[in-house]
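The structures come next, written out as structure tokens.
Consider the two complexes below, in which chain A is the common component and chain B and chain C are the respective partners.
The block that comes next holds the complex of A and B.
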């Protein structure tokens, strides 16, 4: 059993065990909003912080673990950066949970400045959180760099970015997986650099009392956070490009000029798309607001269009056998389109004034995460388990797929409807004026319970088989 | 009474708070008794019941800025709509006739949207303290040194805005818009202990320019390309090195 198999199995076990816990936190929050439970505000916001950061964290590392595993098909992948990332991730998560549940850290997953200095019950929680962020950032940066170096050892940068395809040359071919992985890894580096600057400024204030500029801190926070979330989705797409054609019995995808163009656009434009998080910050220079609007259109549309077209073309008359892995990949793309449209609608300045502080926002990001990015990673996990154990989980296909997709669709629909009714987000209880928010919270919670059941069944299946991979070592 | 006022509302501790207008945001003002020039007895919160209020304080005997300030308010807020202007005398020496005479002198005694009155000495101190209104009795001039401030109070008695001194009429218009319930943009001025600002403000001219904080946002993408280039270069150099014997 190879080291890469073992570390991938370790990632899968870790992520699939944390996933249902993070879902449970979300359900408890929705039940509290529905007045079925009575959580204290501190407990609610602690849950909100843990839920958001755990979900982003586990699915980022899982998407990266998938790419790391598949990359060995093209280049030599060294395992130590992945292991280093794993160890520092564990350290970071322990510190994070200590800060949240021991120190009452409850900033929400944005941890917007200056909240980390105030939204906690114990002073040490701020330090624990900053160290956690540092540990995660260093681990992931070294891991990303390790993968980038592995690619560049074989593919010069211009070839890895498929620039020769842009001018119409077809040889030597850059596989789409290499192109997407390279653009994503290059896109991640500035997010980590932004995180380093952000952490440095936080420490300057925490240790030296030097105040920071709130606008600068918000820009850096979203430079890091928004870019990270976007890039993890693109890692999932890379896995899809690599695995889906074979699952459908079709030849591998090839890099066409429009594919190269779309992903090179993503590389540059994704860095500026985060400006749409600052539409409400009127002191942000106006030109950046225009850039944010344009980038919000340019970054996702080519990627979505090219991927959706490719996937639909692959499925058409393919005679594909639908089991969990292809179902996860295919439905993931379809929901990515829906969530992407919801996000683009919100990223239009005029709409943002209406939608920004409503449940429309969690609606769209849960759509392209729970029903998009997570499904891409689950598709990879299911495929990996079959590769390692020969079990494709066919017994689970109907219950897991039905419960997860039905539950997920109902859950996000409750968010969309509540958002369209102008019900606000980030509140633990709804005031009387928007009391119908409680009804939609209950509907959302009930559908989310279906997702939790599906995930629990799936987790047992996956963990048992991945444990055997580890035990075989 | 004069001594009590001077003692309790000493100027120095309030100076920093006067500059930090955000310090007063959503602070609830006490419901103090007020006598209007019509002779009616009211409470401050009663005056807020029907609409938001722009509140200013003055002394009828003031030899300083009160008169020009009231003229300035008259010019800019002559006939307020959807909010009221309330001018109250804080001076314990003032009688109702003094306040009424001041209102008549400015031609605002019967002006629509304007209310003139006298604070009762019993409630004056707690109100002035909550508002951060600096008052000091100067015995050499037999007059008060005091702030010139305009407050926006919402219908629940909370401070929404606080504007010190004579300001650009555009800012006064902002206060009026805020009182009408419109969303008015505001941002705290950068303090001197901020490390890297996004903007530098010239307080003399009111002009601003981008600063190093914004420039810092260029570092991540440049670092990304530089890092990729360096890795590429290092790998290329390694490839060109002859194998070790």
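The block that comes next holds the complex of A and C.
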């Protein structure tokens, strides 16, 4: 479908152009922490807010765009919800950048209540930010519903969730891609509902002066934010399930009972793991802290036991031809698990007591995002470019893969070590208390520059070819 | 678990994971029939054991119940506000009391249980206790409208720093208080 090709190409061009800019913001932050640069605190925290929101935003939409494109293999996909999502995303990003760089809005990406009423230089910035979130939320919600409706038109809900596979039936088969996409889209619905409530409460205070409960707002914020980021990762996994076996010259993955069980478990567990963000809020009911640790530890089992094992089994003695797309998927799974290990160590309440809000946190989320989720989407993008242009980017393989993976691994290692040394996150300059923070910031920045070089090379390759898809229209 | 142990566990685990992926990648260069499918069940059982053992070892060590059976020797009221902590042995409920408590010298007893009652007058803050050798020993959040109670026993004398660990605005990095344990 040409229209789907074009909107997918548009997403890819947008995302791959914003990606290096967002990386550059991150490098400037680390160089400032290393005292190589002298940014004002306001500039630093504006960069921090923009970096976080742009990264979460672009990789969420890219993973959705990948699933939207691949979904046409099974169901009829309507393009208008995707285009609607694209337009509202652009509107949201313009408002967001206006709030940050015009209104001095600098709350960090998760805008923890009541910080949006304090961390700004212009009062209108809070309104612009809330409207930006509203625009993004509406666009993504409609887009998600569009995909869900497309699936449910062909697959009744219980079949889309593969419940008949749970009881041992093998026919009619629910493809793993449909199962994972459905659980992910369903998982998003309550997250969007939480976001609507959150925004409503923010507006009540902004417009009506009604003070909100900080604990409730924090729960809503992290329920929404954590779930969104988790589901983004699962969209990437859906693309991997669909594309990786063919890339390895193997038959498609099948939905077996344990696969159905795993992804139905993920659907439920993902809703409760977010409690680990509130471990250090001792007034949160203690039972929820237990649920948080248990859910955080149970969540990776189905994902690892099924996905990682399937990918390893596919590659084992396969004779697979390695090029950028399968390499991105394969190494993405490896770093996803490594990042997961860092995350579950932090999800032990007793460990979080000494790691919370240190650099251990960006360490693990950069591992499973920059080196996991992003690689899944880059795998899809590389495959898409080959489908459209016939060019598999073989000239780029060694430099891009080497620079990206080496740079990424060094970059996150500097975060892990610094986190274990009690060096805090989200500070523009390190206080004397943790004077060695600057050294690890410099190490991280140098490795991140390698990633930036790889991404710049890759972006030129991708944008030129995707532009031809758009121009062909 | 001390931070150094967590880091060691992480690096060892990462090496094992990377080693498995590297080995499988190497086998892919020599195509041959074979399947790792029989291992799936054992890996699943191994993961369950890993999760079960770690959960059993760690779940009961919650900081919410630290020294719950003991009476604290001292109670310190902590109020956070952009961008300073006020610490006092008396409750701080007004702006004037907050201003009066700012910069007060606080000394805490070595080897005795101290209870910090931590809240905020504006946004969320973090209240992390850094030992004299620069390591976090304990922390709790400071949330407007709520009082978080943190109990801790200081086993090392010297000057401690309470550092804000929840991003709270442009001067967040400098939000500190100091106290002496002797």
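By definition in this document, the second predicted complex is superposed on the first by the 472 of 473 C-alpha atoms of A that agree within 3 Å, B and C clash if a C-alpha of one lies under 4 Å from a C-alpha of the other, contacts with A are read in each partner's own complex, and residues count from 1 in each chain.
Methods note: contacts are C-beta pairs under 8 Å (C-beta built on N, C-alpha and C of every residue); 3 or more make two chains touch, one makes a residue touch a chain.
Every value quoted in this text rests on a predicted model; they were computed, and no experiment measured them.
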Going by the contact rule set out at the top, does A:312 touch chain B (first), chain C (second), both, or neither? second
Which partner does A:213 reach: the first (chain B), the second (chain C), both, or neither? both
Is A:223 touching the first partner chain B, the second partner chain C, both, or neither of them? first
Looking at A:197, would you say it contacts chain B, chain C, both, or neither? Reply first, second, both or neither. first
First, second, both or neither for A:282, with chain B first and chain C second: both
Can you tell me whether chain B or chain C touches more residues on chain A? C
Between chain B and chain C, whom does A:297 touch in the aligned arrangement: first, second, both, or neither? second
Doubly contacted chain A residues - partners chain C and chain B: 213, 215, 282-283
Any idea which chain A residues touch chain C in the complex? 41-42, 45, 106-108, 112-115, 118-119, 213-215, 218, 258, 280-283, 286, 289-290, 293-294, 297-298, 301, 304-305, 309, 312-313, 315-320, 322, 330-331, 333-334, 337-338, 341-342, 345, 348-351, 353-358, 360, 416-417, 419-422, 424-431, 433-434
Within their complex, chain A touches chain B through residues 145, 148-149, 152-153, 156-157, 186-187, 189-191, 193-194, 197, 201, 204, 209-213, 215-216, 219-220, 223, 271, 282-283, 285
Residue positions on chain C within touch of chain A in the complex are 1-4, 6-7, 9-11, 13-14, 17-18, 20-21, 24-25, 27-37, 39-40, 43-44, 47-48, 51, 54-55, 58-59, 61-64, 82, 122-124, 126, 128, 130, 134-141, 143-150, 161, 163, 165-174, 176
Counting only contacts in the complex, chain B reaches chain A at residues 185, 187, 190-191, 193-199, 210, 213-214, 216-217, 219-221, 223-225, 227-229, 231-232, 235
